[in-house]
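In what comes next, subunit A is part of two complexes: it sits with subunit B in the first one and with subunit C in the second one.
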Partner chain A sequence: MSALSVTKATLMKDLRMEWRSKDAINSMLFFSLLVVVIFSFAFNPTAEESRLIAGGLIWVAFLFAAVVALNQTWARELRNQVLDAYRVSPAPPNALFLAKVLGNFLFVVVLEALMAPLFVVFYQLRSVGPVWQLVVVALLGTWALVVNGTFFAALSIRTRSREIMLPLILFPISIPALLAMVDATTMILNGDGTPSFWLKMLLVYDVVFTLVCLLLFESVFNAE
Partner chain B sequence: MQPVIVLQNLVKFFGRFAALRGITESFAAARLYVVVGDNGAGKSTLLRVVAGLTQASQGSVTLLGTGSAHEVAHRIGYMGHAPLLYDELSGMENLRYFAGLYGLQGDGIGRDAMRTVGLDANLERRVGQYSQGMRQRLSLARAVLHNPELMLLDEPFSNVDVHSARDMAAVLGRVRDQSKTIFVVTHQSALMEQVADEFVRMSEGRIVSRESVRQVPISAGSGAGGER
Partner chain C sequence: MKLLSIMFIVFTLAVLGFSTYQALVVAPTEQTMGDVQRIFYYHAPTAWVAGLCFFVNFLASIVYLWKRSLNADALALASAEVGVVFCTIVLITGPIWARPVWGIWWTWEARLTSTLVLWMIYVSYLMLRRFAAGSQTPVLAAALAIFGFVDVPIVYMSIRWFRTQHPQPVIAGGEGSGLDPAMWHAFLWNLLAFTCVGIVFIATRYNLQKLENEVEAEHAQLALRGSAR
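And now, the complex of A and B:
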């Protein structure tokens, strides 16, 4: 049995369960929609102002929405104590972790794809810089959020108030990535030079935290 | 023949409470052990420590000749107090997924396991809509899916009607007859009287008696602990 086949099986299982329940995607969509609408009414910005604030606004919406999905990730495994069935099996813990990260990544990317047109409409956004760079920032930034989020969600599953614990741990450690995501997005939207420094920083952040999470996950997984 | 499980001075603390208090025993292969005792006697904790789900505070567990449950995970079947199943998936979808964790592919294995426990493999219903008895049967099917040599079953008959429980007990007897070793933690020991080989009584974190109701096969002789 290879780790890859377990990762694939777990990912497919999670996608099937999400397709049936739509727990994560519905709550993420609802939350993001609220942020878009409320902020657009509150600020009523011009196209120029929008470009200045959109970087922060977009990522705040996606960060908080992602937390909703991340909290759901392990909740499914705790119901009926299914995690015990995985722990007594010979399947490698990292395969489970990778499947959860990939699942969350897909959920958040789908959310971003659905919400992007709304941001464009509500905030009259037009990117001065190349749009493909926004896609790269979105992918790297989303990975940064979900890899740490999935890990810390696993870390907090045995705590009593895990819904509160997750953002408390996740937000401070995500500050470097958030800084890179917001600054890179703002630079691209305004056409203020190339965001190569922020993109490199995001890439390094992703590689480092993915490796650290993979190294530590087995201990978290088997902790009592 | 080597004993299947050897426990050496096994101690487990939860905070300051000692759930297991220095258990030293060994258990022979191809026998069906029924672990009985009052609530809080340490039965489930013992099973979880043996399964590798809980770390012992002191002492050691040797399982199928090794000190690591993970090394022999493919040879162990575990059924917990909770069903360990996904409510949102059907019975076959659950079994297909768990079979994959053991490197087993295809629906044949799942269908066989469901037939073994008396469930209809074509049932499309999600597990969340199963009755308690069906969930317990499916949970047993999950535990026997990969044809393990050692099965650790925690309260397999809880919330199951008497008729279904007798059926499940008979299934366990047949599985034991295929030279498998089975540990059943239960409060309903009467259900197991026809099929059990040995009753292991626990009290306050200790094994206080072992009562053999069928002789140990000579080829599967017991180790250090033995009969009391």
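And now, the complex of A and C:
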């Protein structure tokens, strides 16, 4: 089997499982809804204030929600020793990794698409800058979170208290990406010009860390 | 080997004593900041040692993934622990210096924030090592170490950009321009002293970890022999 067909088969399997159970998307949706409501109580912002803090709120909500899905990525494969079976098979580990990243990417993008209207309604948001730029920020930023998150989830399932470990190692590394997403979103919402520096930085972050993940995944996957 | 390490420790203590004398007595008192500026002789050298430790950690992690030698992993662990200790000292001496000079303990300025993020990355590295189970720990830790080190320049760039495009109180923190020759003298002696201290710490921790690995291997052997009998 070629790497591409492994990726496709794994991705389709994950999408089908998610389509039937809707575990990840439901828990992420409800979780981010809770964050939206709790933030609204905590800060009680006016429409003007919320435009200034919305970038932070949105991305913190999605970051926390993404962790919920990321934690389930590999845990699902631990049952019935799927990972062990995969390890002895000749299929390239990076193909599996890419399938998992693409799956998580799709889940989180769907979550963002579903949650965005809710943010607009609850925080009375109105973007001064062009909305398509927000889409670019969201796609680049989500990839940044998901590629590292999938990798670190593979690290953290090997530890005790695995659910706690993922955010502890993911958040410090993700700080630059989060900073870029939050600041770019705030700039666009307030019409402060094009966040070209942040977009370039996110692109560099995505490329660099995707490469590092692909270089290191095999060692981590086969670690005994 | 033993004699050599004892000699190096004695040398380190001697340099440390001399450099402390240089920093606290010989170096002239700074005109505007006063005696509190002397913390510079501890703040900057410890920052340098922390950076050095994290670099050693990065190299040792690569060597581990390449050669799978437990000694490289022991060096990675030792340098990360010592690095976090020195980075903590930087983060403590910084505010002590900033409070009387800038009037604030902390500001979200580029270098301070980057140092804090750096500290967090390596604390998470140590936590992963603590929580990971058994023989796979070195691989997982080495992977995270490479992520952490690759992240450092990106963190610095992003925070610098974030901080410079927003208005902020003007900070006069630069000590590089026009340092008095006597101050340079004291600074360089302290740099040498703390680099030696860092090396002594790393070497000691490295030897300890090697002993631990040996004990563990011995235990495993004993258990195997016990079950065979």
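Rule of thumb we're sticking to: the second predicted complex is superposed on the first by the 221 of 224 C-alpha atoms of A that agree within 3 Å, B and C clash if a C-alpha of one lies under 4 Å from a C-alpha of the other, contacts with A are read in each partner's own complex, and residues count from 1 in each chain.
One rule holds for everything that comes next: a contact is a pair of C-beta atoms (placed from the backbone, for glycine too) under 8 Å apart; a residue touches a chain by one contact, two chains touch by 3 or more.
This one's a predicted model, so the numbers in the text were calculated from it and none came from an experiment.
Novice: Hey, is it subunit B or subunit C that touches more of subunit A?
Specialist: Looking at subunit B versus subunit C, the one contacting more residues of subunit A is C.
Novice: Is A:89 touching the first partner subunit B, the second partner subunit C, both, or neither of them?
Specialist: After superposing on A, A:89 lies in contact with subunit B but is clear of subunit C.
Novice: For A:160, select first, second, both or neither according to whether it touches subunit B, subunit C, the two together, or no partner.
Specialist: second
Novice: Return first, second, both or neither, reflecting whether A:5 touches subunit B, subunit C, both chains, or no partner chain.
Specialist: first
Novice: What part of subunit A is shared between its subunit B contacts and its subunit C contacts?
Specialist: Residues common to the subunit A contacts of subunit C and of subunit B are 224, listed in rising order.
Novice: Could you please specify the touching residues of subunit A with respect to subunit C in the complex?
Specialist: That would be residues 148, 151-152, 155-156, 158-161, 165, 168-169, 172-173, 175-176, 179-180, 183, 197-198, 201, 204-205, 208-209, 212, 216, 219-220, 223-224 of subunit A.
Novice: Going by the contact rule at the top, pick out the subunit C residues touching subunit A in the complex.
Specialist: Within the complex, subunit C touches subunit A at residues 65, 117, 120-121, 123-125, 127-128, 131-133, 135-136, 139-140, 142-144, 146-148, 150-151, 154-155, 157-159, 161-162.
Novice: Help me check something: in the complex, which residues belonging to subunit A touch subunit B?
Specialist: 1, 5-6, 9-10, 13, 16-17, 20-21, 76, 79-82, 84-91, 224
Novice: Touching subunit A in the complex: which residues of subunit B?
Specialist: 51-55, 69-70, 73-74, 76, 78, 80-89, 93, 97-98, 100-103, 142
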